[in-house]
Each structure stands twice: as C-alpha cells, then as structure tokens.
Amino acid sequence: MTATQDIKPLNRQQMAARLAQDIPEGWYVNLGLGLPTLIPDYIPAGREVVFHSENGVLGMGPVPAKDKIDTWLVNATKQNITLVPGASLFHHADSFGMIRGGHLDLCVLGAYEVAENGDIANWATNENDAIPAVGGAMDLSAGSKRLWVLMEHTTKEGAPRLVTRCSYPLTAASVVKRVYTNLAVLDVTAEGFVVLDMAPGLSFDALQARTGAKLHRIAKS
Amino acid sequence: MTATQDIKPLNRQQMAARLAQDIPEGWYVNLGLGLPTLIPDYIPAGREVVFHSENGVLGMGPVPAKDKIDTWLVNATKQNITLVPGASLFHHADSFGMIRGGHLDLCVLGAYEVAENGDIANWATNENDAIPAVGGAMDLSAGSKRLWVLMEHTTKEGAPRLVTRCSYPLTAASVVKRVYTNLAVLDVTAEGFVVLDMAPGLSFDALQARTGAKLHRIAKS
Amino acid sequence: MIDKRVANVADALAGVKDGSVVLLGGFGVVGQPQELLEGLIATGARDLTIVSNNAGFGSAALPKLFATGRVSKLLCSFPRPTPPAFEELYRAGKIKLELVPQGTIAERIRAAACGIPAFYTPTSVGTRLGEGKETREFDGRLYVMERALHADVALIQAWRADRWGNLTYRGTGRNFNPVMAMAASLTVVQTRHLVELGELEPESIHTPGIFVNRVVQIDSPDPPPA
Amino acid sequence: MIDKRVANVADALAGVKDGSVVLLGGFGVVGQPQELLEGLIATGARDLTIVSNNAGFGSAALPKLFATGRVSKLLCSFPRPTPPAFEELYRAGKIKLELVPQGTIAERIRAAACGIPAFYTPTSVGTRLGEGKETREFDGRLYVMERALHADVALIQAWRADRWGNLTYRGTGRNFNPVMAMAASLTVVQTRHLVELGELEPESIHTPGIFVNRVVQIDSPDPPPA
C-alpha cells in the first residue's frame, strides 16, 4: 500500500462532524455511547435536531456549566445534561415504546463490526469471562427508523470492522443503513456496502484493502 | 306463594345502599351504567372510597352544581362530574391497564343474567337486529379484582335473572363474585349461589322459587 | 426551525388519501376534534375506516361524515346512541362495524405505537367478540391474541400545543387522544391554545412532539354541558 | 381516611418475605431509592430477586445488598460498571444474572401491570439474548415472545407524594419508577416531599395512588453530580 502516507483519515471530531452534516433539521435522534456523543457539537447553529435519551428525555441540550448542574437530569451514560426549550420527560416504557415503535428518525451507535447484510455487533465480545451488558442497544438497533454506525474502519491492529459476516455476537440482524468511518461513508444496500465518500487521498482499492467485504462503487446517475 | 304480600323487596335506592355498606374504606371502585351509579350517595360520610371512571379518572366526586360545571370533565356515561381532592387523570391505555391489570378492588355492573358459575351477560340480547355495543364491560368484567352485580332478581315478567347457564351472550365467564338484588345478597361460590342476606319477609324457599338455579344456605360457623 | 403549525384546517389535512384508516380522538364529544372532522369531510376522501370509541354521541360532525357515504367501516366499542345516518347505512349493509372492547381498542393502538405486533388479553375470552380469535393459556388462564392497530391518520384535540407539537389535554378530554397521537403515520392536532416553545413544563407534557406532524389552532367551543 | 403514609423505613418495608421479587426504580443512582434499599438490607430478607437496570452504578446501597449474600438473582440490562461485591458472587456462581434488553425489561413490567401475560417484540431477534425464545412472524418480520414480569415488591423514589399515594417524579428520576410502581403486590415509595391531598394537579400526576401501598418521607440528598 504505497499511498498510505498520503491518506488523511478523519479524526474523531471530523468523523462526528461528517455524520452531523447529514442529519437534516427536524429529525429525532438517539446517540449511543462513545463517539456518537460528539455529534451534537457539529450540528450547524440554528438547525433544530431533537436528541432523545432512552432514560426518558426528548430535547437534550449541551452539557451544563459546573454551577448550573441539576443532578436529577442525566443521559443514558448517566452524565448530567440540560434540557432545551421544548424538551419533554417520560418514563421508560414510553421511551422504549418510542424506540421500538420506529418513531426515532435516526439512531447512531458505535460498533465492533458491521456486516454487508446490515448485521451489527456492538454489545459483546467472544470473551466469555466478561460480565455481559446490553443496555438499550438491541432495542435501539431493532426499533429505530434508521440505524447509522459511527466507528473506526479497522481495529487498532488493522483488522477490518466491515465484514461479510459478524464474528462477534449480534445486536440485531439486517438493520444498519449506513456506516461512517474514519476512512469512508458507506451505504448498506441489498448488494452490500456501497461507497458514498472517502477520506482525502484514499483510493477505492486502498479502501477495499482495509475492508472485510466487497465494496461497490456508487451507481452514477 | 301465599306469603308474597309480606315480602318487602328493596327499591333501587335501598339496593344501592345495601351494596354501599359492604364497600370498605380505601377501595378503588368502578361503577357501571344504571343502578350502580346510585352507590356513591350511600357511602357513609367520611369513608374514603375512590371512584374510577374508565375514560381516565380516579377520584370522581358528586355531580356538579349547575353553575359549577366544567364540561371537559365527564364520566363513562358522558355526564359531567367533579373531581375530589386527590383525583388524577390519565389516558385510555393507562386506564384500561389499571382495569385489566386487576388494580380495581371492585367493579359493580348491572346485568341481564348471572349464572351460578359466575358467568355474566350484560352487553347484548339475542335480538339480532340491534346495533351491538360493548363499551368497557368486557374489560371490566375480565379485569377487576372483584366483580359484583347489582340488578333486579327477576325480569319485569318474573323470569329469573340468576340462572344455571346464561341464555344471553356472555360478557365474561366465571367472574362474578357476588350479586345484590332487590330480594337478596348472594355469593357466587364453587358450589353455586350461596344466600348471604334476604329482603324482609322473604323465606329461603320463596327466594328459591324466584331463582333459576339452586340456592345454598350459608354454612353456619 | 421545527415548526409544525399550519395556517388552517385545509392545510392540516392536506394529502389525506382514499382508503385511509383514521383514528379519531375523543370520548363522546369531549376531546373529539370537531373542526378536523369537518375538514376531513371537506377533503372528500372516500372509503375511510374510522376508529372511534363512539359513533357520534353528542357530535354533529361524525354523523355528517357518515351521511356523506365515505366511511366504509367503523371500529368502535359503543356505537350508541346511534346516529340515524350511521344506522341507515348499517342496515343497508353500506358500512361495516367492527365492535371491539374499549380497552382492547386502546391497547391495540398503543401496541401499534410501541412496535408490539401482537399481545394477549383476557378481555373477550369465552364471548362472541372473542370467537374466531387465537386463544392461548398462560398460567392456567385463557387469553386471546390481539393484533396492533396501525393507522394512516390520527385526528387529535389538544388544549395547549407548541410549535414542536408538544401537547397537553384538558380534563377528560385526554382519553384516547395521547394513545392515538402515537400510532398514525400522520398525526394532526387541533389545539385551543398555542404557546411558546418552552412554556409547557417538560415534566407535564402529555404527548411529546415526536408523535405530532401538524398543529392548527382553533377557537373551538367547550363541549356542551351533559 | 385513606392514609398510606408510614412513619419510617422499617414500617415501609414491614412484611417483605424471603424469596421476594423486588423491582428497584432508578437509572444508575438517579431515582434509585437509597434509603429503602438500606431498609431492605435491614429486613434481613433472603433469596431475593432484584430487578434493576444497573448493578449499582453510583449507588452504595445496592452493592452493600449484594455483599450480604441475600440476592440470589439480578435481572438487569447493564451491570456495568460492575461493583466488586456483585462480580465476586457472580464469579463464584452465587448469584444468577438474567440479562434482558432495557426496553424489554420496561415492557415486561408494564405488561404485568396491565394484565397482559405476553407480547411480541422485535428486540433480541437473531441474537444470543433471543436464543431459546419462542419466535413468530407477523407481516413478514420475526418477533420473540416475552412474558410479563410480576413482582412482590417495588421500591420507588418520588419527588412529591400525597397521603393517597399520588406521585410525581423529578427530571429523569422518573425512568423506571412509574412503570415499576404499577407492577408489584406491595409498592413502597420514598418521597422527598409530602404534600396535602389536592395539591398535586390531577392532570400532572405521574403515578396515580391506586398503585401505591406505602409512602415514607425522607430528606434524602440529591444525586451527586456526574
């Protein structure tokens, strides 16, 4: 891979910003743990997007100033949050009714792996000694109108995370619609992964070399 | 039936009052259309009983004075009501969740017939040309912790309403726990109807003669 | 800016198609959106299925809709007192009636809203209305299986609303409205009052705006005394 | 006079039996009734099943309860960070863990409260957590059947309460509390504030008193900043 030195992978902030630009005004959006929590910072000022937290919030605002914390307000990661004007609070059965009923326009999750058929694995590894935890990941994956994944294109060791079949336990089957990585943006279609966008300096072949499933070029229209 | 002239059947008010005296403080109670709506007038002053209306009310109070009507407050018969201090309002799915989930201590319904196995028929006759209507009767019958029936002992023509098997379409099977009539109070037990109380001047045999199922005397303890 | 407010009833109901399943809020006339019903008539949409607890008790608009002949089916728990317009069509076999216990209507709609395709209930077991339904025993008791009731349109009456579609209801005007508001592809709200975003207490909002598509403010009269 | 107020935590928890299934409100520590948990420990009740979204994140009391060895099973969606007390018992096979997706926990509890013995959900289909569950296809999609989750005791934290047991919650302290309050034979509430009957707005009550058995007022601290 001779061109490696010219590739400019997106950093974490750029990844979040790249995804944020594709969220239109008016969407109701749930963000998973980790990388996705950076997204709100990159929604353009004045574009109203309503953020949902599965513990019963619509209309989450930015992190509060230290002296303005209401400790009765937390998000799904149990961090203190603020509410924007127009926010509403509700209980867990209602909140997951919203999720399961397909009322969220978008859910963005991190993942270990995404398969070309839309399978997602993000809740458990194959190390059997870990105490398992799933939280709301399966509900969000199975229920949201659209599931996008935001993750590094490969593991730290360079192994692909976009694969033909997930090797880790599934969170849900055939649900991922799009993947944003530090190297590319890909739609998950009936044919498999279709490349919509690539990091500067990256060739299609170089991307393919870092991917565990066959990539398709976007059909020219 | 030579003794008929001495029998003092209860009138509608007395029937409601007789049942009311058996409702202990603290019960949550739903009252069906017709006769049962008279019951609240006979709850002794100071005894707190909470009345439920299936359109989303706990804590129904008395009928409002003409000049104090809030027309946004109605009961299940769509009559204007008041709320007592401590009342709460909720939506239909929550209200019928309460009902179906067995949270009401008591539901009192009118009926066409009650069978000795606890079947109740109160929503449809066998005249097939009527436009059918069921409302919440089946939910209340199937869901309440206790179902008591308040009705005349016989039809206007003298036919028994307490029977071995209902001839009218069932509202629910094996659910009635007690029946209050103008002639008697009867428990519905595994053996059938057990007479708890009779109208003044009425003999067991005279009551049996007006009943379409075998009556049992209450076991002396 | 998210702004679900529309200028008038016609805009609120734009695009309602023939063959729609329409959830109609209200218990009797209380909480029933009269002006939206009039607007539904004005759309001329035909072959409608109306889901409503009653057949028009206390309402002028619902019987008027029946009289247009554009309703092919009513799903209802208590169609009494029966408006003559409905009764005539029913006798003539021109309108179908699906009679469903009141709590089962509410739960079927809630199930649709919450992504539950089917559930079991004790209501109607062993009765005519349970006939032909799949039954199953759990812990020694029989239940019938009921399916989710999805809809194309919900017509809702709120008391207060903001531009995001957050709603509160007044008194027993709540009834089916919050449940129905969650279960339709297009949820249309008539509200007595429009308030500024942030004026409704987050802890006291009855219907979060996520469920609402359009809001029209109407100075509708209070329900009549009853 | 209906009066569900009790004088102290011991009275609030009187009669809790060995083998009880206990629903524990809260999401992390927010809305988790710390003093009732301490009181549960003080009852000495053994062989408990605890239903809680977390295993003790941010809480001192829940890990302390695990450390007594009186919990035989935790039903939970996210037992991380894992308190050492839980982890030790789990590794030693002395405590069972039933891992259930968060929304499925909420819906199973709500089903129990609402007389629904079972329902179908898309959550966990095709995953390890769906293995062994009955599946069924509706309209071309697969679902698993889930059963109602009934309980003996619910431990609830409210913000305001009256003597009838009507409750409101503060902020995201609501979470599982209103759902759990509906589903137990004995629902015990610790509230920050007791108010006069009639002080809570009927339209803004989050949990109607019908679900509540006992209320104890406690000047518990706010959750810590996080």
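In this document, chain identifiers A, B, C and D correspond to the written order of the chains, with residue numbering beginning at 1 in each.
Here, contacts are C-beta pairs under 8 Å (C-beta built on N, C-alpha and C of every residue); 3 or more make two chains touch, one makes a residue touch a chain.
Everything numeric in this text was worked out from a predicted model, so none of it was measured.
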item	value
Partner chains shared by chain B and chain D (touch criterion as defined above)	C
Longest centre-to-centre distance from chain B, chain (CA-based)	A
Where chain C and chain D are represented by their mean Cα positions, the distance between them in whole Å	33
Distance between chain centroids, defined by C-alpha means - chain A, chain D (Å)	30
Distance between the centres, which are taken as Cα means, of chain B and chain A, whole angstrom	56
Multi-partner residues of chain C (at least 2 other chains)	107, 110, 114-116, 121-122, 170-171, 174, 203, 206
Shared-contact residues (touching 2 or more other chains) in chain A	89-90, 96-97, 99-100, 143
Overall pattern in which the protein chains touch one another (line/ring/star/complete/other)	other
Pairs of chains, among all present, that meet the touch criterion	A-C, A-D, B-C, B-D, C-D
Chain C - residues contacting chain B, complex	27-30, 57-58, 77-80, 82, 87, 90, 97, 99-107, 109-110, 121-129, 170-179, 206, 222-226
Contact footprint of chain C on chain D as seen in their complex	107, 111, 114-122, 136, 138-139, 141, 143, 147, 168-171, 174, 201, 203-204, 206
Interfacial residue positions of chain D with respect to chain B in the complex	1-2, 110, 112-116, 162-164, 166, 182, 196-198, 200, 202-203, 205, 208-211
Sites on chain A touched by chain C in the complex	25-26, 28, 46, 48, 50, 52, 58-59, 83, 85-90, 96-104, 143
Complex contact set, residues of chain A against chain D	53-57, 69-74, 78-80, 89-93, 95-97, 99-100, 124, 131-139, 142-143, 169-173
